[in-house]
Every structure is written in structure tokens, then in C-alpha cells.
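For reference, chains read A, B, C, D, E and F in written order, and residue numbers begin at 1 within each chain.
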Amino acid sequence: MNYADVSWMLTSSALVFIMTPGLAFFYGGLVKRKNIINTIMSSAIMMGLGSIMWVLVGFSLSFSGDIGGVIGDLKWFRLNFDSLTDATLAYPNTLAFAIFQMMFAIITPALITGAVAERMKFSSLVVFVTVWSIVVYYPLAHMVWGGGILYAIGSVDFAGGNVVHISSGVSALVLAILLGKRKNFGKATYHPHNIPFVFLGAALLWFGWFGFNGGSALAANGLAVHAFMTTNISAASAMLSWLIIERIANGKPTLVGASTGMVIGLVAITPGAGFVPIWASIITGALVSPICFFFITAVKKKYGYDDSLDVFGCHGIGGIWGGIATGLFADKTINSAAAWNGLFLGEGALLVRQLAAIAITIAIAVVGTFIAFGIATLITKGIKVSYKAEDSGLDISEHGEQAYPAFNGMD
Amino acid sequence: MNYADVSWMLTSSALVFIMTPGLAFFYGGLVKRKNIINTIMSSAIMMGLGSIMWVLVGFSLSFSGDIGGVIGDLKWFRLNFDSLTDATLAYPNTLAFAIFQMMFAIITPALITGAVAERMKFSSLVVFVTVWSIVVYYPLAHMVWGGGILYAIGSVDFAGGNVVHISSGVSALVLAILLGKRKNFGKATYHPHNIPFVFLGAALLWFGWFGFNGGSALAANGLAVHAFMTTNISAASAMLSWLIIERIANGKPTLVGASTGMVIGLVAITPGAGFVPIWASIITGALVSPICFFFITAVKKKYGYDDSLDVFGCHGIGGIWGGIATGLFADKTINSAAAWNGLFLGEGALLVRQLAAIAITIAIAVVGTFIAFGIATLITKGIKVSYKAEDSGLDISEHGEQAYPAFNGMD
Amino acid sequence: MNYADVSWMLTSSALVFIMTPGLAFFYGGLVKRKNIINTIMSSAIMMGLGSIMWVLVGFSLSFSGDIGGVIGDLKWFRLNFDSLTDATLAYPNTLAFAIFQMMFAIITPALITGAVAERMKFSSLVVFVTVWSIVVYYPLAHMVWGGGILYAIGSVDFAGGNVVHISSGVSALVLAILLGKRKNFGKATYHPHNIPFVFLGAALLWFGWFGFNGGSALAANGLAVHAFMTTNISAASAMLSWLIIERIANGKPTLVGASTGMVIGLVAITPGAGFVPIWASIITGALVSPICFFFITAVKKKYGYDDSLDVFGCHGIGGIWGGIATGLFADKTINSAAAWNGLFLGEGALLVRQLAAIAITIAIAVVGTFIAFGIATLITKGIKVSYKAEDSGLDISEHGEQAYPAFNGMD
Amino acid sequence: MKKIEAYIRPEKLDDMKEILDSLKLNGLSVTQIMGCGNQKGWKEFVRGTQIDYNFVPKIKAELVVMDEQVDSVVNAIVRIAYTGDVGDGKIFVSNIENAVRIRTGESGTKAIQ
Amino acid sequence: MKKIEAYIRPEKLDDMKEILDSLKLNGLSVTQIMGCGNQKGWKEFVRGTQIDYNFVPKIKAELVVMDEQVDSVVNAIVRIAYTGDVGDGKIFVSNIENAVRIRTGESGTKAIQ
Amino acid sequence: MKKIEAYIRPEKLDDMKEILDSLKLNGLSVTQIMGCGNQKGWKEFVRGTQIDYNFVPKIKAELVVMDEQVDSVVNAIVRIAYTGDVGDGKIFVSNIENAVRIRTGESGTKAIQ
């Protein structure tokens, strides 16, 4: 890592950092007015909790040593590895890498919280994400990027399709089902109360994603440039295809739709950003919208689970598609970290491994969510707020605050 | 381009990217509550459309080859130039440059949309910006930065005074006139409904403009540093002079005024940021406010055209002044890309060429806007919404959404 | 300074820039609806005023020459030092450094304005911050970073604990007392009217602070990486400890609390970010919340001064704690700019100097505030708005604008 | 004195002001409301899923006028608020027993003249 | 005709719509208000300092109905708005002298049928 | 029972609460409105161009009280809302035929005691 890389890694880290507040606005705008504080808090808490846990144990469990290909050890507890600040050290033994990765450990559990918005106790949520980080996130980060089994089998995941999106999306689904539905679910599924905030959040997510994917090259090199471009193109393509679907299906293109399209386009390109050619990023983005649209409108309706803000439909399904797309379109000449080309270049080996990695990720997420759910239920004696609290809104019941107290008449 | 340059170019690209959402908030806050979704969408759509068009044909038409000094060819269709990701390649044959330039191709058509806010059909707008990109933007980018005639005659444009601001500002005026006025124009010209959003947008624009101008040095060098400083100073100076004018003319300095001043200060320094000395950036900014203020309050009133958000008054006039100011203050010792000094250093040759470049840009913008307007009218059968749609607001009529649905009483 | 450093310094400058708009939203969300425009304007004005003053005289007074260890000279008036744009020059003789420092000169006076929100005349505020910059800020910047006496005695201040936070916090207290209370003070101390804006502001502050502290290494090196990490960790730690306090004291963790915790965690680590080890940043952050909470809830109540948005409680007290913490935890192996280790590593010399520096900073801030207050009172004939203006809100009385004019019923 | 309460389309608000001037009325108060009548609300699609909004935004205008002005005011409101489509709104008239102008302390019809 | 004004909890709004359908009423208008009654407001803590909010958010529903419908409507509202806790709200009934449907010009009880 | 509707300056809202306490009233509802009366709105300048706002923000306070309380309440409101400048507002009194407290089902004056 040279000094130009330091500059780019720090910039990328700052960019990934701003994604969590972005997510808070993306989610916060989508909920009812009386629940925006709680929704923002659910993401914001990770900025504190995720950082401290990462420095104490997370980075070590993810990147120091290896226990059975599944998790690291605690040798780097408190980040006490040698030459802490030597910016020229190779990965992963460098603080810049620890910072960059920390931002991923912050946002991933925050993603889950969208599925349980408007009805989960805040204290339960805090316990849940703490346990989930330990039993799902650190192991997955280790398996994929820390030399664990998903790396060993030869699957690739450039910036976190498995680690970040499939893991959070699947966990979101499981947790949403375990938690149960909102009181009025079905009657009034959605109530985006502030659509400009939804767009603000989506725009900050896109902005930050340049660091998320571009920074995952871990250097200011051609690969970073390439990933930057594929990231942008997939987001653009998915946004357009979502709007076209809306135009056809419902007559009118919406801003919530455009924002959703952007985000799932970014999700879909995450695993392949540094592996697939630019033309493939157009396809990856163009197809993620119909796939997710189908899950959100048809599958969710059919099974009737209450994934409040479609975390499974967007991140779970979008991430799975992204993992598959990487297996279809990867090109070794772009990044030799892939041992095989994708199916479109005639090799099936990578695709098989991508599917295996997805399956393993899903399994870990499901099991881990049950564990974290169980512990949270025990410690906080039930994880759901009362119907009365749902009625008055979680902002009042959980935080004693109103987002816009002047709204009804006070100055 | 070395690795430090890669770091800076990617950072600059991300900064320019965030300007389009910034613009969406700047414009969105200035319109009526019932039109903010449509106004945001008009900018947001370019994040999708502009990206895809750029990768497919835009970059190639702008930077590959040369046809008559007016436009490039399609050899780099789909960005298939050699050594795609070689970060060390010289400009323009590098993906980092293509990314950086893409962000300009996104925001420029978005600027126009402010002039037609609150009354243009969204489908017509989509057709318009598509055609306009092809007949106005790519040619101009080619002429100025791709070795075309505006380069050949020796005019200079550091970061897009002609390509971005004059082109969009003049086209905005023409389109606004062709489109016709809002129903209540004159009665209630303006209704900024959310001034904090206006400021949020202006702040993001200023923030992003550091990449816009600073990145136009195409390297992390002294010229980038210089352009960064002149950019900041012109914005600061214009903001102060606008507030002083307001204080004198209307008694009170406003936040819409401060935000407007910032933006036109940024516009005015765009062509000269890497050519004029710092002291000249103070003057460039200080004078752009009275010039634009005069156009917005007096000229617009006199002629009675409905340029909803003063795109012509801000970007057209501000850009023209910026081009002239470059001819006045340019200093070859700052950037040898200028073949002559400005008038203040005793040479008139540059100023003459700047004026010629402005005139050519205006001509292209006018003609191109007629073409794009004609095609949009044909395809979408008229480009204006009905009076009824104006009444109920374009958010409902064009997108079936309300920005703040809880506003009137729903939770 | 090499090209990688240029890239990082420009990026950091842009990040610090966005902190001032961030502050505007942080403060703006905390005031009543009728005062948000005025509150935003109080920060925004510095983006203009602070930039121009800096280029004309501020940078010179801070960094050119030395008069009695207290202030610089005017030799670099208008930034006319040699080799203006030579990016490779050593500090401070480089434009990149002047840009980076400019952003600090913008935000520091803006911090003060939170203490006088909702009742100070805007014209008086403009005069006050102008004078204050000259009599407090430039001297302090010179004393600490320009080779003046605080540097000479051997105290350290990595990114502005004294220069930025103690100076503004103490001045805020003095000015708030001189100005007098709001009409309804005591009855209705606080009225945050838009808590999502408070969080938006806090998030932008945290984001920008990576440049504030990380950039203060003045290079893209290991020290920048280190400061980036300590910054993040202290913010995270303070956010968590504030929420724990709220949970214990009032039963519920709030988003205003989380946002406040973030900001004071960032304040506290500012002087020590490049001096203390990571474990110490956890402690620095964890302790700043109880300390500030005590001052805001108990001390402020006892003395009854009206520091509207707790600038003294957050920046003054947080900055003092940060200066002390640096004296406790500094480690010479991290940064040899510290001549001694902190008390925890067995040396008391640094702590004594930190205390002396704090005392000197306080003295300068108090005296300077009296001077600036006196001049503002003279020039603008009283600095407080009438009770009637307080009633109708400063947005109308000072700026003739309403933030959300559609709020009550107009579209 | 009578109070006239008119529930009308929001976009008609601008025209209400003209009524005041033309009929030389003294005052008017306007509230944002959500209404539901023959016009049954509208549908939005959020991520492809249909949401029914039962209530549509309306404006409620309140005017207290003297008895003899009622008819002309009601007629004037009908004139400006009419579009012929469902959702044009309703006007209700009720009795006001007393009025006080705070600034002067005047009461009765004097307060609204 | 009578006007029924009900000050109820915001979360009960969704249920109000059902009353319309079940009682075959013609219209309803809803306003956001801040209320204060036996329920004395609530406390918030801002940075550890207690703030008293005197007013709690409520919904005001206005329905103009025919005389014979008053009792059934009032009873229906009581039924849906009841929780038994302080703050359930109040219903007021007053007289309406005339009504006009803007779209058709009909007046009297026809206007609200 | 009578309903008192007071259209007052927004900044006077805080003081309204005191009336409740001092007169031992039972409840109060407040709405944000836009008003227009002798105070003819105000001008704003947006980018140097003058915009006329016809309506000024006001607060509408509604109190239902017993007949014998009307005078003292009206007087109290006049006292706190008075500034002497145009725009102080108006108070209207009308008749309420019945009241129901949802929580208890009480009706008539009992409902508002």
C-alpha cells in the first residue's frame, strides 16, 4: 500500500461511512412520520456499536488467524497488531484496511433493521445486532475475505454480495417472520412519509458506494477505476429498468421507485464490480429490477410476511442475483483473483462456486438469526413493542421524541 | 496519470456525482410542495439516462476521433477502447477520464430542467434531454475538450463554462419560451416551499464543485490546488455580493439569496478556475451577482418569459460572464494551456476568442434546443401538462406520489 | 508534500468544508421552526466571509512571520507568497495548506453562533464574527500552528482543540451572557423542530471530521490513518456513553442525544487524534459524555445562562477535556511532534503545558469576545432583536423568509 | 352573524382571496384538511404495491359574515370552486352568536365589519 | 342538519373511514390539531433537560349529518375511539343551518345525501 | 354549552395554556391556520422579485365551555392576545347542542366538566 493508496482508502472509508446515515434517511423517509426517529436510530446505533465492537474484537475475529476456515482468533484484540500505523504494510495487516472494513461492519447490521421497522423494541434490536455481528458477520467476513472456506472453495465476492447483502437480506426475512407483523399490516402496508428523504438517502448510498466498491480494490489502481464505473452503470441501469417496469405496470414512474432501483442496482453489482466487464454491469443492473420487483410485489404478497421496507426483496434477492451474475459474467483478465471466467466466457466452475457460497451464506444467516433472536428475546423479554406503542409510534414509545414536533401546531 | 492522480480523479468524480442530487434539492426546495417529486425526478433521471448514454455513445462521440471539428466518432462505442482500466494511460484514453466526464454529462441536462419546472410532461422531458445530449452536449464537449473547433480557435474553458453552463442556460431559456408559461405565472412567480432543502442543495453543489473544477486539472497537482481555491473564493465572493445587493435593494439578506449567490459564483469561475489568479476570482464572484440579479429582476420581468428557477439568469448569464472574465483575467503562468494572457495582462486575443466561443455555444444551444423540442413534441404529442395537472401538481399527475403525504393529517 | 498528499489534502479540505453546512443543519434542526433560516444563515455567512477574510489577511496573520509569538504579519496579504501553486512545497508555504486551514477559519466562528441562536441581530452577528476572527482566531491559529507561544511552550493540539473548540466554546458562553436570555428562557428552553435535520447535521459533521483530523497529518501517511481511526472511535464511544446516560437518567435513548454524543466525541478527540493510542480514544470518547452532560444539565441550570444550543457545554467543555486527555494519553511513538508522553505513560510535563495552553486560550477568548461584542454593539447599535422579533421569529424579522411556507396551508 | 365553512380544492385557494376583495369582506381563515366524500381518495403505488389513500387533501375556508351577506358569499364560493368533477366540495352555514375583535374589544357585528 | 366534531386519538383515524361505510354517510373532514384536556401533555428530555409539552397531537373529525343520524354516528365514534385511558377525546354536536354541494348547486339536506 | 373560537397570533399560544389553569377549564384544541383580515399578508423577496403572501399564519383555539363561563373566557383571551397592532385576531362564539366524553360516555355539560 503506497501513499496514493492511503489517500484513496481513507477517502473510500469516509464514503462508506456516509452510507449508514444515507441508509437512515432512505429507511426513515419510507416509514410513517411517527416512526422515523426509531428508524434512524436503528441505523445510527451501529455507528457507535459497530465501531467499538470492530476495534475490540471484530477485526481480529475476521482477519487474524483462522479457526476451521470459519472464524479468526482474538490475537488482534483491541487492534494490537504490529506496526499499527504503518501505511505501507500489506493487507490485512494495516490500519487503513481495518478502517475500511469497519465501515462495512457498521452498515451491514443496519441494513437488517429495515425489515423490522415500526414494531421492534429498540433494546431488543441493540442486543440482536450485537449478537448477529458476532455469529454471522465476523464469520462471513472471515470466510470470504479473511481466507476462510468461501475463499478456499474459490468463490469470489468483490465488495460484499454475500458478506453484506445476502447475509443481511436473509436475516431480515427470518427476523421479520419471527417478530411477526405490524398491527395494520395488509391494510396499509407502506406509508412513506417523506419521499425527498428517501431520495436523499438513496443518493448518499450511491455516492458512498463508489467507496464501497471502488475502495474494495484496496488501492488507487485500474481495478478501483473499473469497479467505480461498473458500480455507477449498474445503478443507472437498474434505476431505468425499475422506472420502465413501473411505467408499464402502474402507469407512472415514481421517485420511490427510482430510489429503489438505484439501491438494488448497487446491491447487484457489489459482488462482481471488480470482476465483470462494463457491458455486463448494464445487464446486471437491468435485470435486478424485474427480479426484485417480482419478489416484492408477488412473492411477498403470496407468503404474507411483513418485511417492512423490503430488505429481503432488495438486498437478499438483489445480492443473490449479483452473486449469480458474477458467476455468469466474470472475466479473469479484469481481475486475476477470479480463478475462472464466468459462464458467458465458457467456464461453469465459478458459477457453481458462487451458488455454493450463496447457499452457505444463507445457511449461516438463518442459523445466526435464530441464535441472535433467541438471545435478544431472553435478555429483553420479548422483542416486539405493544400494540399501543405501535399506535402511538415508536418515536414516542421508544425514544420519547417526535421528529417534527412543530408539525401539528407548535412553533 | 499516476496513482495519486487516480485517487484524486475518482474522488473528484464522486464529488461531481453528488452535485446532481444536490441540484435536485436546490431546485426541489424552490418549487411548490406539490411539484417537488417531479422536480427531483427531472434531475434524478439523468443519473440513470446520462450514465448509460455516456457509456454507450456519449464518451465516444465526445472524445474518439474528430468529424469536422464538431463531433467525434463511434469507435469507442460501449467504451471498448484499449487498455480500458490502465490507470496510467494519458488522457483521454483512460477510464478514469471517462468516469469524470460522465458526471458532467449527467448534470448538464439536469440543469435545464429548472427552467421548465412545474409544467412540463415528464415523458417529454425524458425525450428532450436524450436528444439534447446528442445534438448539443456531446458536440460541445468534443469542440472544447475533444480537440474540436472551440479548442482549435484557441478559446479556453477549464471546467465547462461553455459546455455546461452557457449551453444549459441558453437552452433553458429557449425551451421555457417554447413550452410557455405556468398557469399562474405573474400572480405567484415563485413558491419556494422548503428553503432548508434549497440550502442543502446549494451546499452539496459547492462541495461537489471542488471536484468539478479541482478535478478538471486531471491530476493531483498544483493546478488542481489552484482551481480548488479560486472555486471557493468566487463562490464566497458572489454569496457576499448577492447578500449586499439584497440588503440594499430589499432590506434583508435571505437564505435563498445566499444559496443563489453561491451557485452563480461557482458558475462564473468554472471556465477560468485553472486560468485566472486568486485575486481575479474575488472579482469574478463579486460581479456575477449584480449581473445575474439584474437579469433576473429586470430583464426577465421586462420580457416576461417564465424561466421557473432562473436557469438562464443563473447559468446562462453567469456562464457568459465567466467566459468573459477568463478572457479578462487569464494568466499564462498559471496554466500554459492558455495561449494568451487576458486583457488585464495586456492581451486581447484570448478575450476575442472567448467571445467567439460564447457565440458559437449559444448558436448550437439554440438550434439544438429547437431540434430536441421538436422531436419531444412529436413523440410525446405535446410537452406541456394540462392546466388541471398544473393545479393538482405534477407529483400527483406525473408520478402518482406525494412528497410528504403525512403533511395534511395522515400518519 | 507529494502528489498523494495533494490528493488527500484536497479531499480533506472538501470534507472540512461540508462540516459548516452540516453544522447549519445540526443547529437549524435544534431551534424553533421560525428560527431555522436565521440559524442556517449564521453558519452559512462564514462560508463567504471566512473565505474572503482568510485569503486577504487571515492566512497571512496566522502563518506568515511572527510578532511576539502572538500573531503573524501581513506579508502574505492576498496569498501572494512565492510559488503559490507549487504543490510540492513544504508546509506552511503551500496553497493546499492555506485551503485546508481556510476551512477551519470558516467553521470556528460558525460554532459560536449556536449559543446566541433565536435572539441576536444578524447584522451584529456579522460584525461580531468578523472582529472575532481577527482578535481571537488568527492569533490562536498562529500561536498553536504558526510557531507562536503555545507551540513554543510545548503544548500540542493536533487538529484544533484550543484553536477551534475551546476558543469558540468559551466565546459562546461569554457572548451568550453579554447578549442576555431569550424571552421565554426557562419556560421552554429547547424546541428542536426537525430532529432528522439534527441527525443529518451530526452525520455530516462526523463525515467531515475525518478530513478535519485525518487531514491534520498534512499528508497521506500513517499518522493520517491513525487520526482517522481515533476520530471514529471517540465519536462512537461518546455516542454510546451518552445514550447509556440518557437511558439511566431519563429512561429513553434519544436521537438528539445520539447526535450530541457523536459531536462531543469528535470534539474531545480533536486535540489528541494524532497523539493518543486507539484504546485512549475509546476512553476519551466514553468520558466526554458524562462530563458534558453534567455541565449541560446541572451547571447550566445552576447559573442560568442561556447558551441556546450548548456550545459551551459541548465545544468548550468537550475541548477542555480533549486537551487534558491529550496530556494524559499522548504517546511519543505515535507522533514525535509531542516532546513528552502523557501522564499515563509516566510524564507530567505535557499535561502541565496542556493546562497552560487551555488557560491561555480561555483568556484570549474572553478578552477577544468582549472586544468583538463591544465593536458589534457600537456599529449595529445593540445586538439583540426586539421581543416582538423574537415572537414572530428571526426568519421573518431578520431575513423576510419562512423556511417552510407551505406548512400552514399554502401550496 | 353566520359562519360559512367551505371545503374546497386546494388549488382554488388563490381565488378565494378575490372573493374577499370583491365582496368587501373583512376576514377569512384557511385550514389544510383531509377530506373524504363522493371522491373516494386515490391510489398510489409504492414499489409496485397498491396503496389506497382514503382521504384527499382539501382546504377548509371559514368566513364569519353578517346575515345579509351569506347568500352572496356562498354564491361567490360556488362560482370559484366549481369544476364539475366529483370532489368540488361542500359549503356549510351555521349561526354565530357573538364576535369580538381582540384589537379593539368591539363585539357583535362591529367586530367583523 | 347537525355538525359532529370529534377530537380523537390520531391512531383512530383509520377506523373512522369504516364508520362512513357502515353508516352510509356521505363525507368527512379531518384536521390535525393539538389538544389539551385531562391528558396534560407529556415530557420530553432534550440533552437531559426536561421539556414539557402541554399539547398532545389529536385528530379532529368533522361530519355534517342529518338530524336523525346524529345518535348513531356519535355512538359509532365512541365505539371506535374508546380505549378507556385519559385522552380518548370528546365529541361536540352543533346545528348547521344550510349546506351546499358545490358541484351540483344542491342545497339543504340534499347536499349531504 | 358554547364554543369559543379564537383566531390569534401564533406566539400567543404559550399563554393560552394559562387561561385553562386560571379559569379551571377542562380542555382546548389548537389548529394552525392561515388567516387574512385587516392585516393583509406580507411581502417576501425571492431573488429580488417581490412575492405577496396574502395569508399570515395564525392559531385557532377552540374551547367548548359552559354558558356561564363564556364571558370570563372571552375576556381572558382578549387580555392575553392583545397587542394593539392589526392582526390581533377575532373571537367567535356559537352554540353547542351536545357534548360527549368518549372515555366515560358522559354527555351534556358533564362531558366538559
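As a convention for this text, a contact is a pair of C-beta atoms (placed from the backbone, for glycine too) under 8 Å apart; a residue touches a chain by one contact, two chains touch by 3 or more.
A quick note: this is a predicted structure, and the numbers were derived from the prediction, not measured.
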Neighbouring chains shared between subunit B and subunit C, ordered by label: A, D, E, F
Least step count from subunit B to subunit E, where 1 means the two chains touch: 1
Between C-D and A-E, the pair joined by more C-beta contacts: A-E
Interface sides of subunit A and subunit B: same vs different residues, half threshold: different
Between subunit E and subunit C, distance of the C-alpha-averaged centres to the nearest whole Å: 49
Averaged-CA centre spacing for the pair subunit E and subunit D, given as whole angstrom: 18
Computed distance of Cα centres, subunit F from subunit C, in Å: 43
Per-residue multi-chain contacts in subunit E, two or more chains: 11, 30-34, 45, 55, 94-95
Residue numbers of subunit B (touch at least two other chains): 2-4, 7-8, 11, 188, 191-192, 194, 250, 252, 254, 256, 400-402, 405, 408-411
Category of the chain touch graph - line, ring, star, complete, other: complete
Subunit A-touching residues of subunit B, taken from the complex the two chains share: 2-4, 6-8, 10-11, 13-14, 17-18, 21, 24-25, 28, 36-37, 40-41, 44-45, 47-52, 55, 78-79, 84-87, 94-96, 98-99, 102, 122, 194, 197, 398-406, 410-411
Touching residues on subunit D, where the partner in the complex is subunit A: 44-51
Contacting residues of subunit C [partner subunit A, same complex]: 2-5, 7-8, 11, 15, 32-34, 191-196, 199-200, 203-204, 206-207, 210-211, 214, 219-226, 228-229, 232-233, 235-237, 239-240, 243, 250-256, 258, 261-262, 278-279, 282, 334, 393
Complex contacts: residues of subunit E adjacent to subunit F: 2, 6-8, 31-38, 54-55, 58, 60, 74, 77-78, 81-95
Subunit C-facing residues of subunit D, complex: 10-11, 13, 30-32, 59
